[in-house]
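Input: one structure, supplied below.
We just call them A, B, C, D and E in the order they show up, numbering each chain from 1.
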């Protein structure tokens, strides 16, 4: 039992402060959608409006074909997993999971069956008689999900459920969530400000910024074709390097830009006629750079800091004029801080952003 | 003013429970050392013993040439940054930073000078008159570091100082810490259970496990030559895949192993004569795998879950006999869950672990 | 053996020396002395003569003492639950940030700041027949007047009313504090779990403040067992001793009859009763915890 | 010299703090305050430092005696004196009075016998007081209970009491008696003592043992109970309610102390109220034929034990002489004077109503002076009598318990 | 648009509960209003019936009479000195002891703490006579010190402060240790300021208790210039005082409560937050 969610012209105001401004979004039945955006952009507010925990100033929310924004939270058929899990501290795992079902007077055998099934799926059968105080962070997290599962909701809502976990556990749980979604096939809405989570989990990502939806798309669309400089800088770790453009030349199959202090970069991007080069920048991801031997063509980068991630190495450096650029090298890189290395850029992967932050991508599909 | 730290035969017991067992470690003057290990392995305990916040059951700690384990914490010349920052909530940033200096009756001008300098380095000059309650997480973190800096300690101790920050801020602060170490050149000891932090920050990593030090080495040594299966699995994200070995054949320049359900893998590893193949496994990192076309040699991997990290894509799959393997593909990978792809392994990068977890690496330097 | 800041040091004990010296000289020593006095035949002006446990025998066989114990136990048994339930009710009703609630919170707490002489003065003037506020109300409705302070049964009840009126502020405040510490998201989770108001109260709110309920109950039991001023000043223990609490018995024996030894013996009995009641409560609460865990 | 004087009677510095004109003062507090002021003015070398205590102040006196910091002169009830005297806490005053030229025979017998213990005088007797019948003549007239001479018709026996009470209540619809029955033990005990004394009972023949097993006790308590249970008395009134109930005309006769004469008399002299021109006061009627008696107590001044210079003792003597000389002034409160010549004086007898109650000086009777803990006994007795009167215990049971409890108390002193 | 809000406030309470509480509040205040009404009436008028409260004229004469008493101000000062002295003393002793019990290790710590907790159950009657005798020896009766000392032994303060100190994260004092602060300086400069809400709570309770204390001042302050306001006002009531005027009594009640009521009204916000913010979990 799962259903689509339609958000129509939703606006949210606190007194005179607008927190969400005319949001429209359709989430397909069975889709995993992630709301991604910086802190305070209204992600939680939107999610909580779907759940019924926050009032709606204007607009309509539908689940399936039914308008739900007039219903109390319990009757909307959604389940939510909170950042803090919000487990009932004085109830055992089993009681926590059964509470919602008891409230609507589900038969005891049915409750037992559902709780046991969910516990098996989440591998928490042996924890059913413990109270939350005696569970580890990851276990609590799973109980919170279990509590959602047993309700067989039309949609799952997650509000940063992983942010209280430590790094290793976060990675593992992310994987488990993805598997769970595959197994249940339910509609899931997930809020985070961690772009790695968004990228790895989402069918589609909704990027929110300044009370609006900035971009909706699959992780790859968002990563590869950010609609704006904001999205480009927000998604991806390390963030995309932005180099100021001095001059733009139209050439066949794209433009060649002169980058401040770095010489010319040939791209496959076609720009509109009226494009204004002033304050425009070219964006380059670290993985689209390559350290080459000093003889080859490229930019000279003086390395300030090195981050070794094992499988790859990030080089944080400055070009001759002081512009900052992050380059990537292999995990076995021998570069040291203070070195100057020559870096070549895969120009077909570059992006150009105008003064308003609007993005222009390479036409070439890669 | 910075100094080396020597930890000699340190043992820590709570009643009958041994938490640390005969630890020996020498940290060079100016070195950045990270204690890495799973939760509860005794990292914090060791750090706090250096600081004097925990008593020592047996052993000696020296800083420079001076034995310090008999001194009270304040007189050891170390500064510590706590996970919770432990700022004095009722004091302004300036007072927080000055408190330690006032306690040892440093002259007022000297205090002002040091506080202002540190604030400038950390870019918190404009926050000097705020109290911690009005600072963001990242700002508090910097104040905590500032409080350590002004004391011009012989060594800095950090106990998971980043774990309360959100993902984006954690990344930024990590970078700032690395720069700070470069600028100050002080001895720094850093505790974490996040291997990314350890890899990116450390000159040397101390891997702790089971009350012991498991391995000490540079990040690359640890990543590329883990001494044990524990280290190999603990360091690196995603973790190294471990495939059970059925049979081992000695060949020229290494061994060829028959991997359960995956056929033969040729390695550059030489094993000792008496090596016992029983329960041995071969370890392969995701980045040492490559998706190849179905015609090429390799293993068939059925993909269960896909994680798109933007610059690369992780494929979690199973081999024909059910063994799990994580492979890496480019960020633009078209593979979908459920696909079966052919994966080739860079066999020179493989590791073999015997039943006791002892590692054997390729002789070839890469 | 290495140094640690946590090491036990006798110098650390210096911090408790100021309090402990006051505690020992002004509480422990007088208490011990009181126990000594309870073993003696002694009046206000001395003349001690050791008589062993005779004072205790007299106290325990005195039907007036028995009645006082009964009165006190009834009083505690009724007033403490009332204070807890009413305090809880008020805290629940006023757990909001509106102006109206904070005004009412202030109002309910305000009575706690009055002294017992004032409180009883107020309530005597309310309860007295013919001129009292209640008498006026009864008269207005044409009801038969009730001698609230002079009728068996009503007297202790009236003392209880004044006591609850006087003491309700503290429980309410403690409960409010506890309520505010319940994480908001528990309620949100419960809302999504379709929980009715009643189930939210019984399954979320009350369990969450269980320890505060216990604390309030223990504090109140200890306090209400020491009931004195209200009874002394409102009913003088009457009629027929039906509102005489233990402390008043102690006062009468010690100060009116000058029988310090017997008064001291009764005091020690009261001390024991309070101690047992508090420990019993503590024991019940912790024992249940263990079963749960 | 400084004399520390400790007294109850309240504080009224606001009105009388500076006043020395005793004759202009009214009320207990006003008169005692101006008396002390006058004394200080007359004796510039003597400074009287007054501490006012909450009535009756014995907790404080006990505390002071225990800590040997008692003041020089303390107000006390006759009934409480034995307790202190028997423990040697009071200074005998014979010599002090004699030095001032005061003779024991100057005092009324009732007064002097109340302060004499073991043949020594331990207090300067200041007044005597009893419970009286304050009568609302206006209501009595309405009930046809007025005599030709303007005196109300009061009962002289139990039967008359019930008959007249019935007549009164039928005519006025109001209770005949207004008694203090709530939150109070002393009123029960005093009335009971009066009834016992009227029967010439020997219930305290042995001062360390009360005897309530006789028919006399039963008869007294039965009468008390009948008055209330048969509806001849207003119920549930505590002290202030009873006082104002009479002032409001809610009953015919208020059973209350001498100290109220002043304020009721003042009210009767105002126009347009229920007591206007219709207030008289009389001693408690004789319910039993054996003896015309009424329970009396009184206030006196004692000197607690302590080291005092001769000079100070002399000053105290002067003060006592002054009090003695001004006994009439004090009698204006409504209390009976203790000095014979004051009782006989015109000034006193011309005070309103005083002639109606003058006989109390003869009929007033206290418990035997040797009886200790009279306050505590009064509490126990009052409590038990009250439970019988209000129907919580049977008469026999109440008397039995009272006797047991009082004797237990007395045995364990 | 129907607003949905499921904040805890809305779930645990609603309008109806609030209005019930409001009605209870009115009932609570009725006696107080009654007393204030009485205090504004002439006594003679009240003697004839208290219904007079509901009609004119009103007068301040009862208050004027209280103020005319020359001693009221010195009683007031005594009360202030005793209440403030007791408050400061209790805060100081309880904080020191609470800090040590919560944070420091020393021999017999646990045992001592349990013994102190037993002190909570000791009724005043069990110790008051011996205390009185002791104060005799040291000539402490009729002194401010003698009035202040006894309540300093209250175990409640120590219990409360220990709880509060326990609630402060350990890292704070560890940071101060590393900052070279002495044990006392950690207490004084670092931890004590953090217990301010607790200090306020305990301080208010101690002050109120001291202000309203009756028994000990009654038997210890036996000289009129050492009376506290409570005792002083009680002493100025005459024998069978109530007959003399409900109005005057009412005025006394109001007057004696006035300072604490004023303090309360001024600090109400702080008191309420202090109590709620600092309650023991």
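Following the convention adopted for this analysis, a contact is a pair of C-beta atoms (placed from the backbone, for glycine too) under 8 Å apart; a residue touches a chain by one contact, two chains touch by 3 or more.
This is a predicted model, so every value here is computed, not measured.
Path length between chain B and chain E in the touching-chain graph (shortest route): 1. Just count the C-beta contacts per chain pair and the biggest one is C-E. Averaged C-alpha coordinates put the centre of chain D at 39 Å from the centre of chain E. Centre-to-centre separation between chain A and chain C, using Cα means, comes to 57 Å. Between chain B and chain D the centroid-to-centroid distance comes to 94 Å (mean Cα coordinates, whole Å).
Measuring from the averaged C-alpha position of chain A to that of chain B gives a distance of 26 Å.
Counting only residues that touch two or more partner chains, chain D has 59, 62, 66, 240, 244, 248. The set of chain B residues touching two or more other chains comprises 52-53, 72-73.
Residue positions of chain C touching 2 or more other chains: 5-7, 131-132, 186, 188, 190-191. Across the interface of their complex, chain A is touched by residues 39, 163, 166-168, 171, 174-175, 178-179, 182, 193-197, 199-200, 219-220, 223-224, 235-238, 285-287, 304-305, 307-312, 316, 328, 331-332, 337, 366 of chain B. Touching chain C in their complex are the following residues of chain D: 58-59, 62, 65-66, 83, 87, 89, 181-185, 235-238, 240-241, 244-245, 248, 250, 373, 375-376, 379, 383-384, 386-387, 390, 392-393, 401, 405, 408-409, 412-413. Within the complex formed with chain D, the residues of chain E that make contact are 46-49, 64-71, 132-133, 135-136, 141-142, 218-220, 222-224, 231, 234-244, 246.
Listing the residues of chain E that touch chain C in their complex gives 6-9, 11-14, 17-18, 20-22, 24-25, 28-32, 34-35, 38, 49-51, 92-94, 96-97, 99-101, 104-109, 112, 115-116, 118-131, 133-134, 149-150, 152-153, 155, 158, 174, 177, 183, 187, 208, 211-214, 230, 233-234, 246, 249-250, 253, 256-257, 260-261, 264, 268-269, 271-272, 275-281.
Residues of chain C touching chain E in their complex: 5-13, 15-16, 18-20, 22-23, 25-31, 33-34, 37, 89-90, 92-97, 100-102, 104-118, 121-123, 125-126, 131-133, 136, 165, 173-174, 176-182, 184, 186-188, 190-191, 197, 200-201, 205, 211-212, 215, 222, 225-226, 229, 247, 250-251, 254, 260, 263-264, 267-268, 270-271, 274-275, 278.
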